[in-house]
Amino acid sequence: MLHTIQDRPDRRQPDQLRPISFQRSFTRYAEGSVLVSFGETRVLCNASVEQRVPPFMRGQGRGWVTAEYSMLPRATHTRSMREASSGKVSGRTQEIQRLIGRSLRAVTDLGSMGEITVQLDCDVLQADGGTRTASISGAYVALHDALSGLVKKGQLKKMPLLDSVSAISVGIVKGYPVLDLNYEEDSIAEVDMNFVITGSGRFVEVQGTAEEIPFSAAELDVMRDLALVGCANLKQLQQVALAD
Amino acid sequence: MLHTIQDRPDRRQPDQLRPISFQRSFTRYAEGSVLVSFGETRVLCNASVEQRVPPFMRGQGRGWVTAEYSMLPRATHTRSMREASSGKVSGRTQEIQRLIGRSLRAVTDLGSMGEITVQLDCDVLQADGGTRTASISGAYVALHDALSGLVKKGQLKKMPLLDSVSAISVGIVKGYPVLDLNYEEDSIAEVDMNFVITGSGRFVEVQGTAEEIPFSAAELDVMRDLALVGCANLKQLQQVALAD
Amino acid sequence: MLHTIQDRPDRRQPDQLRPISFQRSFTRYAEGSVLVSFGETRVLCNASVEQRVPPFMRGQGRGWVTAEYSMLPRATHTRSMREASSGKVSGRTQEIQRLIGRSLRAVTDLGSMGEITVQLDCDVLQADGGTRTASISGAYVALHDALSGLVKKGQLKKMPLLDSVSAISVGIVKGYPVLDLNYEEDSIAEVDMNFVITGSGRFVEVQGTAEEIPFSAAELDVMRDLALVGCANLKQLQQVALAD
Amino acid sequence: MLHTIQDRPDRRQPDQLRPISFQRSFTRYAEGSVLVSFGETRVLCNASVEQRVPPFMRGQGRGWVTAEYSMLPRATHTRSMREASSGKVSGRTQEIQRLIGRSLRAVTDLGSMGEITVQLDCDVLQADGGTRTASISGAYVALHDALSGLVKKGQLKKMPLLDSVSAISVGIVKGYPVLDLNYEEDSIAEVDMNFVITGSGRFVEVQGTAEEIPFSAAELDVMRDLALVGCANLKQLQQVALAD
Amino acid sequence: MLHTIQDRPDRRQPDQLRPISFQRSFTRYAEGSVLVSFGETRVLCNASVEQRVPPFMRGQGRGWVTAEYSMLPRATHTRSMREASSGKVSGRTQEIQRLIGRSLRAVTDLGSMGEITVQLDCDVLQADGGTRTASISGAYVALHDALSGLVKKGQLKKMPLLDSVSAISVGIVKGYPVLDLNYEEDSIAEVDMNFVITGSGRFVEVQGTAEEIPFSAAELDVMRDLALVGCANLKQLQQVALAD
Amino acid sequence: MLHTIQDRPDRRQPDQLRPISFQRSFTRYAEGSVLVSFGETRVLCNASVEQRVPPFMRGQGRGWVTAEYSMLPRATHTRSMREASSGKVSGRTQEIQRLIGRSLRAVTDLGSMGEITVQLDCDVLQADGGTRTASISGAYVALHDALSGLVKKGQLKKMPLLDSVSAISVGIVKGYPVLDLNYEEDSIAEVDMNFVITGSGRFVEVQGTAEEIPFSAAELDVMRDLALVGCANLKQLQQVALAD
């Protein structure tokens, strides 16, 4: 059922990821700093450790992981206005940063961290589709680096990570399901889904939207399976990056 | 596999909806005005027809459907601050109102409406879980009434609706999948999903979040099937209400 | 001097109120919840008890009563923008909610309440003139219910209410003074006044504005007397509602 | 009934105004610029002529008069925060600037002005009670100067003023009605009223608030009469100032 | 090299200040209140003493001096919008108020003040060029008065001022360097500089901008020398004002 | 007079720049995209061409160059809050972005560009002192690339640049003047100056602040000369980068 190589703009197989890279220690000051690339999409994921938790969590002895997401104004083909200039964080931005935060908390043992916060900043330097999935996948590596640092310094006895996590987009383009859409594919997709999946292959988040044509249960199954393949590959790439 | 009646706080079957009602013409001025109840959750869905479209759509001869969502401060057990007082629309609110708008546009033939906007206002008078699914299901009825009015007045030649649409929540509570969670169930659910499904049984939106424990592909399948049952029932209740 | 029945759009006598109702326990969670109707004007008045006072009052052992007022976007003939979307609470809204708060505090013995706040939320579901007078009159009933609840629970020894309070509009329409204007009358009135009057017939607030033609001392006297009649009737209707 | 001279902090008679002055041409650029003093209260009232009207009035051939009001941070005994710093115009400020605008429009023949706006800026340099009544009384003189200038330049054929207007406060202090309260009296008054009255002795605005004790119809009558006396005196002082 | 008297619009010598005055005790409540005039530019500089420091300075035993700057809407030839109405403090305003604060702190011995703040409010009543230099020069006198008051009251043992400070503008107009530009000169200047200089002739701030034509090192030297002359004169005028 | 090598934390000579690099085409979509490094300070300068000018310039046939500046939250040793989250652009940010815009406009022949805008976005990825001088120096290269592109495409007949421009910081640290301070030096400097200088050695902006000790005319001269040396070197490095 999956269509052949000539159909995708960059000649990828339907179930093939774009070239993926995780460049650690990209900046000097952050406790974890990863420049993640999903093809031409590049996101700088910085993890900052703060020795406190938000007010609503104080006194419980538990930690917190949260995220902010932003695009540089000229990450895209035409310049977009800065959210600081408009004085408002857009609905899309809030939706994405809430998603990143939930995804990372799902694999973190907050109860064993003590009252610290790891703040993930995902700043998109260049956008070619899949910025939220790249952000989650890169932020996991930055979070791992930040927490490793706390273990090395002796502040934590062991890594408070229950599993790894990555994310990938799947869509239906011209009637065919494909993995990891770039901007050109994303802008014409009939269906657009994002999956967040743990290293053990379980689902943390499933988000699907029919942009043009509602989809069937059978199509949902195919997209789910493509995502499982994609995240299994991402998990290995994360492991390789962290082993360096 | 589905658990028995004694497990749910209101003794419902796992696949049983709460008492549902759609009260049309609840206020006088709106072109469509529906008070929808999903059990104790009550949302006033008002549809307003405006003879213009947003700036980014002008001159294309197409229509627009959009939504705003809000809770009265004391819709909930404890009072929450008004968003007008804080000067900000929260991320959660924006996420929900974008979802409602997308869901209704998915079944509307915008190209046959001319340059008019139908604005849906979903104001939650009382919240007991499922406010976004009640909003979508009620807003569809209000949209139908507003568009019928335009047909009756001769502004539209035929109804620009391609299908009906409704929404329902599904979750995993204490290990068991259940349909249409109330607040008590929602607050302890391990997994929380929302499905938006057309009258013909196709998916417009799928949103699932593992609040506590990531879920398996098999669990995703069971929840998908519960949602299909729930929305098939909601479709019939919408038809009955519109036939009055 | 008062004009005859045929002059008012709904054939009321000059000193006749519209049909008034107070529907208690309209929602489940608020400590007092009253849907008040002045003709087609419908306002949901919810009273919330909070076990604290604002910062400027802390440590004095006194209570506080305050109010917020809002209209649903489609309470009116044409839809108005949400104040949460504009990020600003309008001057008119602030003026009204300050008025409601002052009016209720005037009959409350704040010194005998202890450090609690009763927050009144007046949300207009449908507007046909007189929303601020309906809000005050309904909020009094909701406040009474909330305070009764505290007496029943033993948190208060006796009701901290010094008197009842209600409010009514008076205006000069086509040269004649009339009581309780609906929207049609209000929009053409030469003079528009609002009176807030206690159960014992004393004035808490007097607000009069000459929209078109400044008015004389004699006209002020006639309007004052109409208001005294109107509020005497409202007092009785409040008593009946509270006796149920 | 009126109390004797020893009761007021500055030994005034109950019906006596503080020393009043209107200093015209206080700044160079405004078309009308009046520094008004009511005792130690000093307000700079600048009138600016703009050759346009607000969007909602365009194309009707009518003029507009509007006002803004502000206090310098250290106009008062203790410094208050600038509204520009807080990013919000307070409810009190909005209430006052709406009142000033309505009061001046009530005596202006907007229909004979053409599409121009006169913008009144009332900036309180020093506050000792009665800032809103001083603002209205001074703004009338500034408006007169701005409109006279347009007549002299030939843009207007005749003065578009139907009458003069002034404003005064009245209150009940320690049980006695008094005129033109200063801050010391205002802060302990049981009742606080503001009257806006035309040169011909008719009412434009009546605003009364029982801060402590609701007031009777008889007390309302006495306060009304004091206000008529005060505004008759203010009218003469305005005429003298404009005759210079 | 300096041009002759006929070149300046008000026939001043190139190195001649406008008429300068410092009117102390302009308002009653501020601990220091100075109306400073640089020709037609008039700024009210009020100093307020607060018995606390900002959060970031608490517990260090040191004082703080800070400033806010604002223009009345009609200080200028055409009315400008209030920053409170726009909800934003402009970049220009922030730049100026930061400059005023830094300039005053440079001559204040914060370490000997204890934990108090002196807040300077510089409100421009009329603007004819040089509002920031007039503000700094006047604010110094107001600060001196406020601190003298604390010495007189015994809260401070000695004046915590290390030196005096004043500020002046210099520019290149039609090719010639001139001192203390008024608005007419400022609006056509090729180069615009502001110097903040202590009583002992040392520089606190130097700010120069080539509006039209970048300037040479030689021109910088001439402007620096003009500023030293101007501030030496301002220092004497400040001393005379403080000796009254 | 200049101190010897052992005094600076990175062993530089007093008049020695840090390692400088200009990496062109850092991102794909911007018309000019330069990653500039001044030692560990790294700023991404993107130039975007827009075929319109701001409203206040329309219809004059002239172009515009403007800038925005921002730091990533973790560009610094400790994380700082995003300005989009606080809803305000800080005074410091506004001051810097106004400086960058003025500096580039000083060397651009706006009259020969037609009605286009070049928008420079300077986003600091890593901050180690001198972010504003790096931004100006890098933005010049990005502006050059964007304008070259317009010449190549035939939209402009010739380059509308009158000269090159660069910027450098100078300071007095422990009593000695030094060039191009890093963060460690900047945080203890007694005096901090920034110079913006054209390729022909003329001044566009001079900004000096005595953080601790006011400085003499002689010290100003030494700092001015250091800046001239630094910018002469930067000019050559810009030329080399543009020649690649």
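Each chain gets a letter, A, B, C, D, E and F, in the order it is written, and its residues are counted from 1.
Note that in this section a residue touches a chain if its C-beta (ideal position, glycine included) is under 8 Å from a C-beta of that chain, and two chains touch if they have at least 3 such contacts.
Note that this is a predicted model, so its numbers are computed, not measured.
Participant: Show which chains lie in contact with chain D and also with chain E.
Facilitator: Both chain D and chain E are touched by no common chain, going by the contact rule given at the top.
Participant: Figure out the least number of contact steps between chain C and chain E, where 1 means they touch directly.
Facilitator: The distance in steps between these two chains is 2.
Participant: So which pair out of A-B, C-D or A-F basically repeats D-E, with more than half the contacts the same?
Facilitator: Same contacts by residue number as D-E, out of A-B, C-D or A-F: A-F.
Participant: Can you check how far apart chain E and chain F are, centre to centre, with Cα atoms defining each centre and the answer in Å?
Facilitator: 28
Participant: Return the distance between the CA-based centres of chain B and chain C, expressed in whole Å.
Facilitator: It comes to 34 Å between the two C-alpha centres.
Participant: Using mean CA coordinates as chain centres, what's the chain A-chain C distance in Å?
Facilitator: Comparing mean C-alpha positions, chain C is 52 Å from chain A.
Participant: Where in chain D do residues touch at least two different other chains?
Facilitator: 87-89
Participant: Thinking of each chain as a vertex joined to the chains it touches, would you call that graph a line, ring, star, complete, or other?
Facilitator: ring
Participant: If the ring is traversed from chain B in the direction of chain C, what sequence of chains comes out?
Facilitator: B, C, D, E, F, A
Participant: Given the complex with chain F, which residues does chain E contribute to the contact?
Facilitator: Touching chain F: residues 88-92, 94-95, 97-98, 102, 106, 163, 193, 197-198, 200, 202-210, 214-217, 220, 224, 228 of chain E.
Participant: What part of chain F is in contact with chain A in the complex they form?
Facilitator: Spelled out, the residues of chain F in touch with chain A are 27-30, 33, 40, 42, 44, 46, 48, 50, 68, 70, 72-79, 82-85, 87-89, 93, 119, 121, 123, 125-126.
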